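Just passing along the structure, written as structure tokens.
As written, the chains take the letters A, B, C, D, E, F, G, H, I and J, and residue 1 is the first residue of each chain.
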Amino acid sequence: MMTIPEISQKLFAAKKAKGLSFADLESVLGRDEVWIAALFYRQASASEEEATKLLEALGLSLDLVPELVSSTVKGLGPIVPTDPLVYRFYEIMQVYGMPMKEVIHEKFGDGIMSAIDFTLDIEKVEDPKGDRVLVTMNGKFLPYKKW
Amino acid sequence: MMTIPEISQKLFAAKKAKGLSFADLESVLGRDEVWIAALFYRQASASEEEATKLLEALGLSLDLVPELVSSTVKGLGPIVPTDPLVYRFYEIMQVYGMPMKEVIHEKFGDGIMSAIDFTLDIEKVEDPKGDRVLVTMNGKFLPYKKW
Amino acid sequence: MMTIPEISQKLFAAKKAKGLSFADLESVLGRDEVWIAALFYRQASASEEEATKLLEALGLSLDLVPELVSSTVKGLGPIVPTDPLVYRFYEIMQVYGMPMKEVIHEKFGDGIMSAIDFTLDIEKVEDPKGDRVLVTMNGKFLPYKKW
Amino acid sequence: MMTIPEISQKLFAAKKAKGLSFADLESVLGRDEVWIAALFYRQASASEEEATKLLEALGLSLDLVPELVSSTVKGLGPIVPTDPLVYRFYEIMQVYGMPMKEVIHEKFGDGIMSAIDFTLDIEKVEDPKGDRVLVTMNGKFLPYKKW
Amino acid sequence: MMTIPEISQKLFAAKKAKGLSFADLESVLGRDEVWIAALFYRQASASEEEATKLLEALGLSLDLVPELVSSTVKGLGPIVPTDPLVYRFYEIMQVYGMPMKEVIHEKFGDGIMSAIDFTLDIEKVEDPKGDRVLVTMNGKFLPYKKW
Amino acid sequence: MMTIPEISQKLFAAKKAKGLSFADLESVLGRDEVWIAALFYRQASASEEEATKLLEALGLSLDLVPELVSSTVKGLGPIVPTDPLVYRFYEIMQVYGMPMKEVIHEKFGDGIMSAIDFTLDIEKVEDPKGDRVLVTMNGKFLPYKKW
Amino acid sequence: MMTIPEISQKLFAAKKAKGLSFADLESVLGRDEVWIAALFYRQASASEEEATKLLEALGLSLDLVPELVSSTVKGLGPIVPTDPLVYRFYEIMQVYGMPMKEVIHEKFGDGIMSAIDFTLDIEKVEDPKGDRVLVTMNGKFLPYKKW
Amino acid sequence: MMTIPEISQKLFAAKKAKGLSFADLESVLGRDEVWIAALFYRQASASEEEATKLLEALGLSLDLVPELVSSTVKGLGPIVPTDPLVYRFYEIMQVYGMPMKEVIHEKFGDGIMSAIDFTLDIEKVEDPKGDRVLVTMNGKFLPYKKW
Amino acid sequence: MMTIPEISQKLFAAKKAKGLSFADLESVLGRDEVWIAALFYRQASASEEEATKLLEALGLSLDLVPELVSSTVKGLGPIVPTDPLVYRFYEIMQVYGMPMKEVIHEKFGDGIMSAIDFTLDIEKVEDPKGDRVLVTMNGKFLPYKKW
Amino acid sequence: MMTIPEISQKLFAAKKAKGLSFADLESVLGRDEVWIAALFYRQASASEEEATKLLEALGLSLDLVPELVSSTVKGLGPIVPTDPLVYRFYEIMQVYGMPMKEVIHEKFGDGIMSAIDFTLDIEKVEDPKGDRVLVTMNGKFLPYKKW
């Protein structure tokens, strides 16, 4: 079971009260909406300036700045997610994880795609047969160091 | 622990013997290299024509056509992957799953990104500070039906 | 262990106090009773209009509208359900999952039955040898996209 | 990980060699195709007569009759299925299990739907917007006995 | 970890305060003491009349009637029980489950013993070498339906 | 997943070939059929004499005596059984485990029912409304020793 | 994660406040210090007399007597303990469990060491190379009953 | 499920063929029978001399010396043992682990009992009311180092 | 999910309020900053003197001394950590655990590195290509005792 | 349970036959012994040149070069290791993981220590009170990228 941190609940409540979308906050902070949503769930850490801007936009007390700036324990969910939207990303890892591994090794050699030096964007692609979700992940390739 | 199907092992061995890359096979089959790697692991199913082309390119017997055409039990790995490259995709789901959920709901309403009506591409972006892996997922948005 | 959301508890308490059945609510909302029960557990999301109708029928404050409209984290239960009624559906998946897979692949090709573009009805079939539960699932077939 | 019994593999190989569908076998055995698929996976047990008919239709030795008639250990899969088609039935149980429980209790009182005195049919409903899978489960309601 | 429902705690507290045993309650309700203990843990549901009798015997408010009458989510414990007394029943299932399966199939054919159309009694058998616990389970045999 | 020991497979094959039931073996060995089934699965250990009688009855080589006499690692199944017949005993433990604990403590004090100094019988009770399975467990009560 | 019962917390707090060791309590109760520590964690049950003596020694209200006398759900910890001291006993079971099984079977035949008719003592053995912990377990051998 | 190493199977087979007990081997090797049983399961490593003596006593080829001398991956069993004899040691850890922790901390301060600088003996104590198993563990106390 | 003890929360809050780093506390206590961080999470135990110094430095009441001095249940996290920083240490164990085992056995013989008689230091190594984390673990080698 | 790849078994057998230590191979390959042990377990990948040198040193066929050069699925062990030596590294992660996280965040900001751009050395430090194992991990700090 997932436990949403208290600070996240405050941020979501204020966002709803102000009627702001993550896209709105994107222009306020100059950060991508996914990163901002990650900050809401405290899966990312803000600078003092970013925290201040966000809290002001949400009409929340600046006393909360330290709660947005600190490093946190990351990873939100159950081991296998039950939520269908999140589960599909688990399924992609289960079904396409090894094929991706093969292609990445072929293109880059032995190593991994960083999930830290990493960005993730989501776009809506309108389509008459049904709109599509476009997820773009961009991570630095890290070759295994030998020693 | 992951068990690689026997047919996958034959395909990989032939590919290595022929010195072919997935990129080479892409031009043979007219399918993306990730999809072809998924076919190798039998996470995807070929048409008879695709199976024939692939087996010919790999110098394998056409008797194997049915083994590439049949539907299979998908999902390869352990519950939590131990391989660092595959794990990073698990980590992305753990850390960014809920933020993605928020942004997708905001953009599209209640529903999910399909992992079936779905494509996945991998590109290498050269970068003097370290090349980058670009993963693009494109899935149809499926709104929850009400009844 | 399952945690029932607070909003669900309020809805169930009001329903019991009003002496309403899900069948009664079906005529109020123009939605199927199973979908309404799913809404009670916040496994489905209402439109503003549906939320208003429901809250009025239950004699609850319209302040709760946003709690019925928002998207939620779905999936209620433990990994393997302990409740005998719910477990039987787990057992059906364990025993008949693969046979269903064979038959669906034979009829439709490689793909899945959507659980999103999906409806589920429950009917009581009276029978002198013991009444029967009739569960009808109707999901769109989604063929695997190739790319 | 799922282990397919050896007898199942023989049955599937013979069925493929004969070019028979489960629908074809339905008319041979006078049993539903899903039940026959369950028999293939040894999740169901045949009578001697059914076993004989099936083996003859498949061109297999009648020495296998006892392997189709005996009771077996049922339940095929991993605890949480990784295969996307089978997983969707797990997801339905996760998302709609409790709502179904509420509706069944309301209609029938405290008890369960039997998964033993139970039938399961699959139909293809053609639809211009995408064909649909219709799954019908019909199980006897079993009220809790008091003592 | 096991969570005891609040209503159970009230019932146990009142029973202790009144100095009543389950055997005493057996004569009040005309139900077996094991069934009554199951009702205490809300693993069984009472009729209004049974609930009233029980609450009166325990000196509790009749406002609690609905909490004893409603259907509940059953199954109390951790996946593998840690309590030694309860564990022994898990051990019996681990050690004797398959032998019982063989004998039941031999006597009855393919099917199961119902745990719903089912009664369970516990008796104390005095014995100079150490008293013995006699557990009698009586469940309807349910043959697998074919279709 | 359950692994059936090789010796068990030999015993079951010989029993089938000889057309013997466990009830038949009961009269040969002077032991209960459930205990004999437990011996088949090597969840119980025979004396040399019992092993000899059994192997003779089954027409198997007496060289197997030591394989029936030795102590073995007991416990056959997966953590949560997937087989419906065996699962029902898991369910009984989940649903009635704590109620049984209460009644046993009330009748005997703090302690457990032994699963070692223990017998288990299965009887078929014919009933026009459906035959019933009668399982009788008889275990020594072991009070907790204080020191 | 381990949940310490409330009564345990009261007992530990009072013991600390009084500056008493388990060894001190041993002389008060005439019970071994390990058993008393087990009582503190409610892994053992006291007689009324023992409970009274203990509460008086700790300066706690005699109203707590029933909380020490009742039978409780035993087993405190996570499935695999994370605490290094407790883990070592798990490790001993992992590494030496099967060797102990062999030796016990050789000395006693098929059966087990009771963990109920059982005592456990801990002594400190001073040693210039480092003091040693001496744990003595004494459990009745229970031979498997045949029937 | 437990996998017994091949070398262990050879050792056990030879021991049975020679009719030797671990107690017999104790006098051959000058090591305790439990340690020897641990060596059989390759949970302990022999010196070349010990390996030679053991293999000679068992009438096995000295080519096996390296297989007894090498360090191995230790820990035999499933996470929670299903075998009743081994399980009781798991139960002791579950029930008495925390009480032992309290008493050890009180006697020694913060630290652990080593399971490496450790011995384990098993004795049979004859008793007219039922023989008893005496297990003596003797491990060095290791205080937590501060730095 | 990880539960941070209340005392830890107090210590971290006070440290933040005072603007102190673990490096600052290192000079106050004469203990390494990692050990102090372990004390904050109550994975280590202080002497009375250390506790007093720490509480004074943090401006907290000396009433908390006993909460820093007592032995605690150690081990903080979920079985597989979800936090990426902590996970990397799990990954190192998964990937390099067995290689380390080989090298340690080769250098020292059969035994382990103690995690109790153990120190752990972290240093920042500045590097123009990206600073590096240097973790130094120093544990006593414990050879397996034979007996 | 851990499965050692076949190639690893060949390498270990040859190393034993040649009487070579990892330290010997260190001078042959010009790589650290831990990295070479990781290569043995196929947790690292060799260049063609390294593979050739290693196979020649071990007297193995150069046909095995591709088996040392290919990228592999990494991560060897069970989820929680049972081997005491490997477990201690799991324990260090459980006990010191969060303290390390605090100190690393304090020294470096939000980010992780790479386990890919990473080296690991093991040294033996002789000590009259018992030799010590010195493990040095050196990983690049990766700050979380913002976007």
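Here is the rule we use: contacts are C-beta pairs under 8 Å (C-beta built on N, C-alpha and C of every residue); 3 or more make two chains touch, one makes a residue touch a chain.
By chain, UniProt protein names: A, B, C, D, E, F, G, H, I, J = Cyanate hydratase.
This one's a predicted model, so the numbers in the text were calculated from it and none came from an experiment.
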item	value
Fewest hops from subunit E to subunit H - one hop per pair of touching chains	1
Over-half contact-pair match to C-F, picked out of the listed pairs E-H, B-C or G-H	E-H
Intercentroid distance (Cα basis), subunit H paired with subunit C, Å	54
Subunit A and subunit G: spacing of chain centres that average the CA atoms, whole Å	47
Between subunit I and subunit G, distance of the C-alpha-averaged centres to the nearest whole Å	29
Subunit H, residues touching no fewer than two other chains	1-2, 34-35, 73-77, 79-84, 86-87, 91, 94-95, 98, 101, 105, 111-112, 114-118, 120, 142
All pairs of touching chains, each written as two labels joined by a dash	A-B, A-C, A-D, A-I, A-J, B-C, B-D, B-I, B-J, C-D, C-E, C-F, D-E, D-F, E-F, E-G, E-H, F-G, F-H, G-H, G-I, G-J, H-I, H-J, I-J
In the complex with subunit H, residue positions of subunit I that touch it	31-32, 34-35, 44-45, 71, 73, 98, 101, 105, 109-112, 114, 116-121, 142-147
List of subunit F residues in touch with subunit D within their complex	1-2, 16, 80-84, 86-87
Touching residues (chain side subunit D, partner subunit C) in the complex	2, 21-23, 33-35, 37-38, 40-41, 43, 74-77, 79-81, 83-86, 88-108, 111-115, 117-118, 120, 122, 124-125, 127, 129-142
Subunit H - residues contacting subunit J, complex	1, 3, 66, 73-77, 79, 115-116
Subunit F-facing residues of subunit C, complex	80, 82, 84, 87, 91, 94-95
